[in-house]
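Shared between the two complexes below is chain A, which pairs with chain B and chain C, respectively.
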Partner chain A sequence: MVDLWDGLTQAFWLVLTGDPELAEIALRSLYVTLTALAIACVIAFPLAAFLAVRRFRFRRLIIAILNALMGLPPVVVGLIVYVLLSRSGPLGVLGLLFTPTAMIIAQVIIIVPLIASIAHQSLRDLWQEYHDLLISMNVSQRQKMRTLIWDARRALLTAALAGFGRGIGEVGAIMIVGGNIDNVTRVLTTAIALETGKGAFALALALGFVLIALTIAINLTIHWLGQTEREGRW
Partner chain B sequence: MVFPLQVTGAETRRRGKVLVGPVSLHLAGVGATVVIGPNGSGKTSLLGLLHGTARLHAGTIAWQLPMDQARAVQSFVFQRPVMLRRSVVDNIAYPLLIRGLPKAKAMAQALDWAKRVGLGDMPYRAAPSLSGGEQQKLALARAFITAPQVVFLDEPCASLDGRATAEIEAILQDQKAQGTRLVMSTHDMGQARRLADEIVFLRGGQVHETGPAAQFFDAPQTDAARAFLNGDIVE
Partner chain C sequence: MKRFLFVATLLWATAAQAQDSMRMAVTTSFHNSGLADVLLPEIQADLGLEVQLLIVGTGQALRLGEAGDVDAILVHSRAAEEAFVANGYGTHRREIMYNDFVIVGPSNDPAAISDAADANDSLQGIADAKVPFVSRGDDSGTHKKELSLWIDAGLDPTGFGDWYRAVGAGMGAALNTASGLNAYILSDRASWLNFSNKGDLALLFSGDPVLFNQYAYLPVNPALHDHVKSDLASRLEDWLTSERAADLINGYTIDRETLFIFNAKTD
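Here is the complex of A and B:
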């Protein structure tokens, strides 16, 4: 039985000595999740704004589905993406299975509903506030969406952070579609799973601490970037 | 020119209940029309109907342009000002940016308007953090910056003190003198006397009496109008 202290010291040494393998894995984690996050935001924000400003027949249904998809089991997403990308699958010709791109695709699917749902909440509230003014000004649908997204940017940042959290800590889907291949698709979470399986608890714990530190660092950075526009002054 | 406006039997409802109407009115092209009447008499609803933001359930509202084009030369100042979560100048510039004006030009004009309404020393403050009077002035600047032909104002001085009211009235007088058509509601009879060329007196969602302001105030034709001017409770 190892204790947490072993993990912590090992994490400390790994970071301090600039372990190249650790750096590679950590960077790949960041690359996969940040790319997925950027793509997810580009999809989720306009979708959320559209659902906020546009009345149409299945709007409520779509919102309900989106909310339900927030709890989408990553393993199932991974499985579906695996089937789609596998050599005999409909997208097999692209040869994406077991690449970081496949992992990004899976993560985008997992975090879009989360970001879109959270974003929709705040954009809908803002739309309540703005509705009369923007209608009076004959503002086009596109301009409405742009205005809402821009003016709600802080709330959207929070939505993005939630998406980042879900993505960076996710293991089920990327394990399946990435395959946890050394030097190719291994990331922090899959490495932790692997080391734990091998019984290398201290190393697994060390990687875990690095993951947590990374998550906190990214959150603080983004939070700080958001704070540069201080309250009360724009 | 979007005027004259001919309103015939116009009506708007909400869940079957008539909010205002049927209303028939003729508004000519100059001056200020002031809509007065007790709370709930339909002032806000009538302004929204004329502006085209309240749904027209019956009758016609005929500007000299189609409704959407007519609205493009109108502005509306709400009873409770709507502040975009942006700075003061960004709020004022917004309608220009929507119309596709280059950012630098829009900002220069907005800064100019911020000064004209007395917000020149706080151009980069967050608009939602302004006081009620300052928000109302911002709303005026944002309404007038597009040089509209008509400005609707729904109780622009409700809950403002005497000084803020005077400042806002000065802006309105100035714009009126420059030829902007004003259509406003108020519950302040002093303000109605100072600004109105024409009065529309609403009661229970209907136009109860209408006419030139001088005539309305000196010799109201109906008992209800007389009572209302006396400050009596009119249902």
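Here is the complex of A and C:
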């Protein structure tokens, strides 16, 4: 209990004094997860729309696999990416291991299935509504997908936020592929794991509270941005 | 979005502009001792070299070296290190310094090891009393040391009962577990002194020469991996074996206790 209170006060002081080290790892956390999120959305939204409008043989199978992969264990993803990017692995020549890029790659793999599954769910419902209209207008497959994605944007925002949540709090994969190197790949979650390992619970908790506050702030910001956009458009 | 891209490129730039930097895998016990925080800034100042530390167990450090993912390793498990060099993964093994292992346990000491004659005797006492003992269980240098100590005492850890808990975690996490269970554990002195969640644990046994813990520096073989920065690795080696490093290492204390003793042989 004492640790919890110490953690809270320490978090307060760290933020108040603008601790440069904290700012650096917090920014790196955001950089890694937001980049991964942007890439994942670019992959997941069209994929979800495609699965909604197109009927083909392995559609059900792909959807089932996507849903299953939502529970992909980050440690396993980390290990696979590690083996691929290791100097003795197939992509070793790129020299990406233990860089923020490697962490982004791992997080993209982790959050794409989550975003695609949630996005597909809402796009499918919307497609039932739009189906007759769009078919009668005789629009192309691409236009159908684009319409669905645009009109379901609020639901897709939720999907993206779910992906962000999974990415920002993730530690298993980025610990393995990033290596938790000070000043290079240390982010909030790996710093928390490190401080816990040193038995410095108060500092670990302080970083944890900063992480939670950051997540809430980002969510609020995105919601706020989403709303202003909607008012302007509608 | 623009702002975010700006921050992103800024981070990219800072990551890319690090001119002279090398990666070294070190053990958790070395990092937890706090010595790295003393040495790294000095290395940066003297050599203009940024050493990026990967803090892992000895087992994983050796694997990173084998794969060529790091430029050098600093570990403490002699047999494994010699095999590493013999298999051609490292160019050579250079002893740098040593510290010692200690046996930590509940302060009321139910296995009465604090007055044991030697390390054998104290482990025998723990096994006889069947009091909880936390083992690293992660193939690290400390774990290997602990296993060899049990075998020296004529005991087989695989046959131990419930009281022997292999947690498969780093030094700090294992100490946390021991603190929670109020169990015995083998730790290096530095990690123990630097550990802030001691709870009811106390240092009970130390001083037997078999508990000495030699750290060695092994540059990764550039013949196997041509991207390995062997010139930087050898500059770092020269620094680590220099008078300057000796003073810093011997002068590093926690609670006025000397932790490491420099013993590199100069050529």
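We adopt the following convention: the second predicted complex is superposed on the first by the 227 of 234 C-alpha atoms of A that agree within 3 Å, B and C clash if a C-alpha of one lies under 4 Å from a C-alpha of the other, contacts with A are read in each partner's own complex, and residues count from 1 in each chain.
Following the convention adopted for this analysis, a residue touches a chain if its C-beta (ideal position, glycine included) is under 8 Å from a C-beta of that chain, and two chains touch if they have at least 3 such contacts.
These numbers come from a predicted model, not from an experiment.
In the superposition on chain A, A:179 makes contact with chain C only, not with chain B. When the two complexes are overlaid on their common chain A, residue A:199 makes contact with chain C while staying clear of chain B.
The wider contact with chain A, measured as residues touched, comes from C rather than the other of chain B and chain C. In the superposition on chain A, A:217 contacts neither chain B nor chain C. Of the two partner chains placed around the shared chain by superposition, neither chain B nor chain C is touched by A:76. Contacts of A:133 after superposition on the shared chain: chain B is touched, whereas chain C is not.
In the superposition on chain A, contact of A:143 is made with chain B only, not with chain C. Legend: residue contacts after superposition of the two complexes on their common chain; A:100 is shown touching chain C, with no touch to chain B.
Residue overlap on chain A between its contacts with chain B in one complex and with chain C in the other: absent. Chain A contributes residues 126, 129-130, 132-133, 135-139, 143, 147, 151-152, 231-234 to its touches with chain B in the complex.
Only residues 51, 53, 68, 71-72, 75-76, 78, 82, 84-87, 90, 94-95, 98, 124-126, 129 of chain B touch chain A when the two sit together in their complex.
Touching chain C in their complex are the following residues of chain A: 27-28, 30-31, 34-35, 86-89, 92, 95, 97-100, 179-184, 194, 196-201.
In the complex of the two chains, the chain C residues touching chain A come out as 4, 7-8, 11, 15, 18, 23, 28, 32, 50, 52-55, 66-69, 170-173, 175-176, 179, 194-198, 225, 227.
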